[in-house]
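Note that subunit A is present in both complexes that follow, paired respectively with subunit B and with subunit C.
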Partner chain A sequence: MSGITIPVQTDKPKLAVYKFSSCDGCQLTLLNLEDHLLDIAGAVEISFFLEARRRVLPPPYDIGLIEGSVSTPEEEKRVHQVRRDCKYLIAIGACATSGGIQSLRNWANVKEYADLVYPSPEYLKTLETSTPVAAHVFIDFELRGCPINGGQLLEVISALLAGRKPNIPSYSVCMECKRRGLPCVLVSKGEPCLGPITQAGCGALCPGCSRACYGCFGPMDQPNIGALGGKLTGELGKTNRDMKRMLRSFNGYLDPFKPASDEYERLEQQEK
Partner chain B sequence: MNDSNSKKNSGSTRTIRVGALARVEGEGALHLVMNGDQVEKVHLEIYEPPRFYEAFLRGRDFKEVPDITARICGICPVAYQMGSCHALEKAMGVFDDVTPEIRELRDLLYCGEWIESHVLHMFMLHLPDFLGYESAISMAEDHGETVKQALRIKKLGNTLMDVVAGRSIHPVNVCVGGFYKAPDPKAMAGLLPEIEACLDLMCELTLFLAEHITYPELVRDYEFVCLNPEEGYPMNLGGLISNKGLNVSQEEYGKAIEEQHVEHSTALQSIIKGRGEYLVGPLARLNLKSENLHPRALQILPKVCTLLGSQLPWRNNFMSLPARGLEVIHALARSADIIRNYTLPAVSRVPITPRAGRGAHGTEAPRGVCWHEYETDHEGGITFARIIPPTSQNQVTIESDLRDLAKLLVDVTDEEAAMRCEHLIRNYDPCISCSVHFLKFTRDWEGGRAGAVSQAGVSDGD
Partner chain C sequence: MAGVDHGIRDVWFLSMQGLEHMVRTLRAKGYTVVAPTVRDRVITFDEIVSVDQIACGVRDEMGPGRYRLIDDPLSRVFNYVVGQDSPKRLFFPPKLELVALHVEGKRFVLDRTSPKPPKLAILGVRPCDLAAIRVQDRVFGYGDESAGHRCEADTYYNQARKQSLLIAANCTQPGATCFCDSMGTGPRAKEGYDLSMTELGGGFILRAGSDDGRAIVNELPVRDPSPSEIELGQLKTDQACERMGRQLDTDGLKELLDEQIDHPSWDEVAKRCMACSNCTMVCPTCFCSTVTDSDDLATGTASRTRRWESCFTHQFSYTTAGSVRSSQRARYRHWMRHKLGTWWDQFGSSGCVGCGRCITWCPVGIDITKQAAGLRDHEPVKRHAGTHHIERGVTI
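Up next is the complex of A and B:
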């Protein structure tokens, strides 16, 4: 064997997992598929996944999963290399698909933020904005959620391996809530639930805990935000500021949550 | 990451660079500059992008905080939720109203996180170092049964969190004051057989770790810091103590430590005022409060010590691996006790009237004390937030460990040295995506070679 390097020979599709600005939770969702983890490791060659393994195989990769938003000059540059290295690139989670909670800076002054948190803000290398991956490169599929749902992740990986389109619904949380037979927290409890405008995928977790959905899977396909806002600011007595705050959370920078929150901000300022 | 090591020799100065640390949560890098057998510089770089949590929390409603701070870390969201809840309950003046039943449920949820996070770290991230594998994926080829058993226990930790709080990553059922809904007693009771089975497995695995693993010798005189509850093992309640005389309340802790800039790093690093570095985490908890472990863990402790050939206190942080094992046994046994005593409580959360206030509280994240402080206005809006995560508290200690270790690595190749340094860093289970306080840095070094520490260069290949 001495002097001979044997490259890893494999016909299995190569999987890469990337991290940008994020909490690691969506990568962890992959590791949390305990019952399937060894099967996945058998079906694909895990070629680049720093959180899980030291060994790195060279690109190109067949499937790239990208977690996190683009919030630094380095990430702005790196995301293009990631795109070049991957045949299919899938954005996973709210940060990668919307800019994440850290995109709240997009409505603020980053310098003021930096001054608040860090004694020497001049050392920071950060962008003015935190943006979704699709704002920078073409993305083949986006999987929503803060964090993503493990079952949906498995569906996306299986679909890609089978060469079919992933079956990920774009209807609202209400559908899942009704299917579970849960009492509507908006109607029966008067809670400010974002379920009617939020994409399904979590399994209606919050209504299942008797609380209002806070929109961590982002907007559903064509949500009627105005109608829900009318109910919340009308009979439920929420303010325009409350509406703005509720829409600006983990998917706040994603259309149409963003323009809706901007409109509530305008209304809030009119009041003053 | 093997292939990003670079070796640059200039005279007798040797630079070891581990470009991107694998198998840590979050992203970091290490620079070590040696001159002969002298260690010139040890830089543990954190290049996690700043996300400005403490800034954008201002103006949010206090009720939103546990949902938001959970997102600081996907590996230990409960730690952030618990810190936020306890501190904000103090700010709202309801801390003493929280019922024993709610406190038990919080401990149960936290046990789930300890189990999940510890087992992930021990068997997926840390053990491959000791057994000479690049990852658990490779390790599974030779130690399939061990990996499967670990995955089973890890899954149980996640299931516990699912049942108590809806999901394991960013739980949805936690609120300031308690829980939105008390979990279903039947679903809880249904977990007992699996907990018992995993408890037996975890005892076996911990004895295996004590008997069959060789722990590198790196004994240091640490200052261990952990919570000091009146009863039970450190988790949610109590002031803070150390083995070197620290004994403060939660509120005083924020003043007892200071976050400072050191010359070689722009990261905020915590030290105890007037004294210096300290260590939080499983080794600190075990050394200071082992007598408060659950009887199931206490029962096995002497055997573990005998097999390791080392009585407590353990001053070698490589032994954080069996320490985590004992803590998982504790968490499993404690979970079973809580579930056996559980009946649907009369209230799942205490009522809160928003008020202007201030509150500070830290809890024991799997990696150590995670401390929060908030101020609110009269409507309950956040006006100030300060969060001190465990890894920023350990960072000075990690670098000191590396300094001592590097002296022992003079005669080994760069690649071997880099691996052994990585191994040491993983003792701390560094959760560096808690970027609330971490900065990356750029600095000239080795006589002014500009930009040697290129944060960008690590991953994009330049």
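Up next is the complex of A and C:
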């Protein structure tokens, strides 16, 4: 008989990938895994991933990866359905875990922003704030980064499928930086590196390019932001405004970056 | 014994040009030669294939949390001290796959074991780092089987050490954070080297400390040093003792640390410490590691990897009841007490060799010598006589 194959329902775990308010960078990280993407496709049934394929299998799903923050009334509703559809829900990237860059609006007036950017802002339906997924529903795991690290994503998926604990460290970027033997840009060049307060996971990408860490993986476990701030605003001549802006770049709305950035804002205003 | 000719000469003069011969000879003997190089304006140990890759014409300036390399055409070859990295990484790699295996039927099938270390010749090891290697020898069970305080042998470390050749460079220009003189480890190497060099104007006073070292010298264009050259070499390292950037009073320090566990200075340092782990990563004696297992989705191969760990991380002391050292205060105190105090109980020596790296490379410049001095507002009751013996047979 000639080769007509009828797709059969497999018993592989089903994977869903969702997009909320985001730049798609984290989904691209998944697509950029190339060879490993095929491994993932071999191990799970990619059931819902609009950026990658048109075919959609119905819920429920075993693993849900959710990219993006909640910033519209529609998303606020949809996130609850996503939770109901997935056994394990994993928030991926700075937007989903902290509210992302777009959470800068949380300190401003959204209407003013909208009027500035869009010719017809009346068509815009948006919330006053951009918030992480965990502010709305329970999530099982968070992967930090803007964007996430492909290796970490693979580690979480492998761990989940093998039923083991994922090895995702919560210590500083400095640990990865030093393991790689990279010359410290803060000590040897006076660059304002946020590595000592930022969670590892990127493999010290930026110091590896001889530049300072921006903090895109968000706060490490118990960061001492004030101590680094003392060095940056003292010896390295940064202002309170600089500190505020550095802390608010990618994960500004996530504790304890948020209260620290608020404190630097207060100090900035005091100066005036 | 003075005046007796044993037929073995142990001191020579090697000209500047002779250094090139040395590198070539080492390579011809199958060594991977590692030496201080300049990487991104920091002195870094790296593999070299020719002598002109060795950092030269630069000097270093350092202080707490600050390091700068300055071009100085008048500088000789080893006119700088230690950089960020120590030879630790060469014997105890920061990341090492220990084993990889998969299941076939009911059996485990071995895919990989840990890699074989290269045969290393490390050129330009500073005396403090040489002492640190001897400290780690005990931690990783290398050398004399009968040595006290010796741990179980680590395979990679032992193999790497056994086939290594250590060529020390004595220090004539100590850095601003160096305090090897206080710890009895420098600025002149006393033991543990195959060859040692003291740089003078036109070359080096070369000494052999082992047969392997002597075998290398046999192939080099060396000559007898003049008495004045030997004296100058001595003078330069003697003077270096007087120009130490820092000092640490080790007298009774172990007891002091035991007694001062509630000293207010721990609270003060906890406000400044970020628990970023840089100090432990750069310390040439810190030996902690963590082992994690992972698996490959496609092949089903499970692998076990060892990585450098630090007592500053939350997970380091994590138990089912949470992290035992949950505060920055507890973690800093643990680190300092281990380096200067409890290391004695564990390994019979100090865990600090006075290289100063933890001061320079701490982003906020926390200074172990200052912290120790700060505890001295109270005299320790007991006296700890052993001050700086890195070798076994210590007096306590």
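The rule we apply is simple: the second predicted complex is superposed on the first by the 264 of 272 C-alpha atoms of A that agree within 3 Å, B and C clash if a C-alpha of one lies under 4 Å from a C-alpha of the other, contacts with A are read in each partner's own complex, and residues count from 1 in each chain.
Keep this in mind: a contact is a pair of C-beta atoms (placed from the backbone, for glycine too) under 8 Å apart; a residue touches a chain by one contact, two chains touch by 3 or more.
All values reported here derive from a predicted model rather than from experimental measurement.
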Message = Quick check on the superposition: with subunit A as the shared anchor, is it clash or fit for subunit B versus subunit C?
response = fit
Note = Value for angle(subunit B, subunit A, subunit C) over C-alpha centres, in degrees, nearest 10, is 110
Request  = Pick one for A:S210: touches subunit B only (first), subunit C only (second), both, or neither.
outcome  = both
Ask   = Taking the superposition as given, does A:V117 touch the first partner, subunit B, the second, subunit C, both, or neither?
value = first
Query = Just subunit B (first), just subunit C (second), both, or neither: which does A:T97 touch?
reply = neither
Subunit B or subunit C, by number of subunit A residues touched = B
Task = Mind working out whether A:G195 is in touch with subunit B, subunit C, both or neither, as first, second, both or neither?
result = second
Task = Determine, under the contact definition given at the top, whether A:A108 touches first (subunit B), second (subunit C), both, or neither.
result = first
Request  = With the two complexes superposed on chain A, say which partner A:G230 touches: subunit B (first), subunit C (second), both, or neither.
outcome  = second
Ask   = Which holds for A:E74: it touches subunit B only (first), subunit C only (second), both, or neither?
value = first
Task = Would you check which partner chain A:N167 touches, where first means subunit B only, second means subunit C only, and both and neither mean what they say?
result = second
Remark   = Distance floor for C-alpha atoms, subunit B against subunit C, superposed on A, in Å, equals 9
Message = Need the overlap of the two footprints on subunit A, from subunit B and from subunit C, as residue ranges.
response = 38, 210
Inquiry  = Looking at the complex, which residues from subunit C come into contact with subunit A?
reply    = 39-42, 44, 65-69, 84-85, 89, 94-95, 271-278, 281-282, 292-298, 307-308, 310, 312-315, 328, 360-361, 363-365
Inquiry  = Per the contact definition, I'd like the list of subunit B residues that touch subunit A in the complex.
reply    = 1-3, 20-27, 47, 49-56, 58, 60-61, 64, 67-68, 71-75, 77, 116, 120, 124-125, 128, 134-138, 140, 144, 147-148, 151-152, 154-155, 158, 165-170, 172-173, 175, 179-181, 261, 266, 268, 422, 433, 436-437, 439-442, 455-456, 459-461
Key: subunit A to subunit B touching residues, read off their complex   = 19-29, 31-32, 34-35, 37-38, 41, 46, 50-56, 71-75, 77-78, 81, 100-102, 104-105, 108, 110, 112-114, 116-120, 123-126, 130, 146-147, 202, 205-206, 208-211, 214, 216, 245, 249-250
Task = Note which residues of subunit A are touching subunit C in the complex, please.
result = 36, 38-40, 42-43, 154-155, 157-158, 161-162, 164, 167, 169-172, 174-175, 178-184, 186-190, 193, 195-197, 210, 221-224, 226-228, 230-231, 235
